[in-house]
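In the part that follows, the structures are each spelled out as structure tokens.
Each of the two complexes below includes chain A, the first together with chain B, the second together with chain C.
Our next item is the complex of A and B:
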């Protein structure tokens, strides 16, 4: 009798103990799904809009007419195609060059001490804080003086300048986390300082630099303010071209969405396939 | 040693420091963009801006309100999400991918999507409100709804950044304090406020500092969503300087606005840096 009672009690306790976590897990899952939907919503709305024919675009939540025509229409515009090519070339060049010149700058900050590195670090720290608008306005005139307004150089060099401060700082962090004793050993064995950098320090920093490269490329691809001020007809970039759809063709939301979806393609690809690298790169 | 920073320093001087010097020079002169008389006017532009009602009663409050609200809300949400993601549950990887996405997409695209979503006639939100029974709201024709949409977009873009950095920080925390708290029978909330938060304080401090500096110069989202309107009521500092220069074509006044903004953020950033430094040292 006693034994039977205990087993029932224990059975009940087991049931509630088992039910409670299940309910909590379900609740948690529901909350997570809701949050994810909220995060996805703007992207989903763009994708759906981009797939709607022009006449059905105004009630995207109603009806089932879908088409790929918008994408064909967008690609039929030479200006759009040119903008994509320009943005691609710019992002690639800006990434390669700015990584190339900041890797040595970061190495110098990490390995040398004295007044010059300290002054350089102070400069970088200070100019990281200056708002972009404060130097991109006069940059418009600088580009004119140098005769490079609305050329690749006129947008490329400012983009490299943007990256210098932040990247030097991050690269310094990369090299700080690499033990310098290997380089000292290499130098004792007859390597020059430069050789020690290229053969020993640089290979260990490659994974971190790859992460930074991805972020740098996307950052340039996504950038808007510089493109708005420093590019004209000849070097139009995707972000500005897309923003022009809003004002000039205010009603053609379907075409604009198609362009937006194409423009966020690289971002989505990178997010899905190179997530590990990005998360590593985003850590300060 | 100098050779290592020579390329970076050259680009920095030509495309960041030189423009700032030109801008500072222009801010003391009568310099219409297409009629550069370049006559010295002293502090006339500065006194104009510092007594401009739009700048004092709209631009400055908007800039700081956006900065404060965006940083506070995305920090809060980021902390919560990082906490959720720190546990294991089915779909963990997918959740992380989705949360990463807003950070990778161009702010211009995000703002475009939001503009469409909150379109007062055809937007999804308007449809939802109609379905619930609210009337039509002209979101982007009034100050505070417009401001809320800008804030919402900014939070959407930046919450992932806080989430990822705080998640990385959470994962690197030592286990022992949590076990000790469990032994002392501390509840979840008390563990969070008394163990997790104090240990995260240095990371949170640095995040808030970096993000505040960036939030001060927000341009893309505001420009695409409202352009500073309606009737300049959502103008922030970057938009103000841009409009003075490229809409009113007054390079002198625009430069003065840009310099004032740069000085304000330098002071704010310096104060915050000191505060963060103290916070970090106290927790050590």
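Our next item is the complex of A and C:
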């Protein structure tokens, strides 16, 4: 019986079959640790750095001097507080405005064919394939030309465009996965085409829309390149403000880390509380 | 309640025809089943009646109205979908009420209608549940209820039982039949299951490659198929086919194959001789193949070799090789002892011989 079982396992031709079970377990453990280190180590180093006094940041593995002063110092800077407010307002506005368009355009791409959906699909496909960085300089010129450089509108509009181009696909994927016969039933039950979308398709898409909202919001919250080029003093965002701790006199790692930890807050909150929706959203 | 008329209906997808020249008049309160293999155009036809697909050519009437250009909501129809298509975010009660609310029916009337439907379908205890909390059979009842409450002119069924397991399907088939006695509305029912077609339909429409092959009562279709396709599609186990050549032997018309000569019954002789060719396909249903009993042969006897047997308990299916083909005999006594390669004497029931033109497949009558 035992011999039989062993043969079966060998028969499956595992890559590690020649190893003893203990060795195999050790190898597995090593892989897990390596992956954890890869993803967790930067965060751990960041958090520790943010708790160290300025003179101790290069020796985070030595010494016992820890302080919360960095956080207080960061918040004492009006520019930082303003950056947080700016980023929050921008991410929220961009998400709310783009969501309506993203959801309807995803629905259109999923359910309709013909010249208009095809043209729309081609447009967002094109925008997605153009390297991200090559948008920035033209956008700067456009912003400048319209006089909206360093205003909310100047950064909000590009972000909305990006949301629509990037996330319409996710929404299309979601609507592809739900059977259109539910909407057909609604149309037979007395709804117009639009009514079937609003009253039947939309309510069943709520988990996907929630996931989409979170993804869009985090995207804008974390975005750096547009923020760097299209904003200045008036609408500074967290990512750019954080980078300003790099000065001609050196980098204030402790303050920068403290701000980075604070900026991570929303992402962590989302991971903890809305994980279920995100996974649902990513699975579609 | 209304008649439904399809007049020369065509549907093209690009250049590909899906439905070709379908002509069908469905009487008031009639239950018509469209049956055929997948891709035969039956669902497309149904969806054109529903207004979910545009009609490429032809006219669809419901009652006296031409409905070609009406939106689904204005056609006064109700439809049951293969996957039920219940509104997942609503309770069962709201699912049933949805169509009536859209028509601005008073809430008291809605309640009465929903309760009546729930009583008919025995889903009264489920009204507060969401569709995901229901079994397949229960979801199917809710989908039926959603149709009943509306009192539409026409019911459309798109393979409503095909998502259920075999046992539940048989049960729901009987319930549909009973429901039919209480709610007599003109119905069009699409299925690929010939048992559903036979048991439910007042009339059956057999379709293939977008065309109607035959329209008739279930028994008519079964006993007088108009062509080889209908003969082979309806009935399980399927009809056996043998390629034969007609020849006069000693003054008697015989259907012959390599080691086989079957006497053609007198009543068919004239018709067959009038036909333009001698190359025929002989069709015999498994129940018309008889084992042994040389007295009953009547000139239809032949020798065969057993290839395989399938024990079903109530009967035995015997697959035998004859004239280079394998044919199946059914209704054999399950206690018959047979072995592979055993030689057998068999005969055919002369009432069950169908002749088809080998080239066109048309039945010769």
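Odds and ends about this structure:
Keep this in mind: the second predicted complex is superposed on the first by the 241 of 284 C-alpha atoms of A that agree within 3 Å, B and C clash if a C-alpha of one lies under 4 Å from a C-alpha of the other, contacts with A are read in each partner's own complex, and residues count from 1 in each chain.
One rule holds in what follows: contacts are C-beta pairs under 8 Å (C-beta built on N, C-alpha and C of every residue); 3 or more make two chains touch, one makes a residue touch a chain.
Keep in mind the model is a prediction, meaning the values are calculated, not measured.
In the superposed model, A:43 makes contact with chain B only, not with chain C. Contact with chain B, but none with chain C, is seen for A:108 once the two complexes are overlaid on the shared chain. Once the two complexes are laid over each other on the shared chain, residue contacts for A:190 go to chain C alone; chain B is not touched. In the superposed model, A:179 lies in contact with chain C only, and not with chain B. Of the two partner chains placed by the overlay, only chain C lies in contact with A:203; chain B stays clear of it.
In the superposition on chain A, A:79 makes contact with neither chain B nor chain C.
When chain B and chain C are set side by side, the one touching more residues of chain A is B.
Looking at chain A, you'll find no residue that touches chain B in one structure and chain C in the other. Taken in their complex, chain A has these residues touching chain C: 179, 181-182, 184-192, 195, 200, 203-204, 206.
The residues of chain C lying in touch with chain A in their complex are 50-52, 71-73, 75, 77-79, 81-83, 85-89, 98-99, 102-103, 146, 150. The touching residues of chain A, when paired with chain B in their complex, are 25, 28-29, 31-32, 35-36, 39-43, 45-46, 49, 57-61, 100-102, 104-105, 107-108, 112, 116-117, 120, 123, 126-139, 141-142, 157-158, 160-161, 164-165, 168, 218, 221-225, 228-229, 239, 242-243, 246, 253, 256-257, 260, 263-264, 267-268, 270-272, 275, 278-279, 282-284. Across the complex, chain A is touched by residues 1-5, 7-9, 11-12, 14-20, 22-23, 26, 81, 84, 89-91, 94-110, 112-117, 121-122, 124, 127, 156, 160-161, 164-165, 168, 206-207, 210, 213, 216-217, 219-220, 223-224, 237-238, 241-242, 245-246, 251, 254-255, 258-259, 261-262, 265-266, 269 of chain B.
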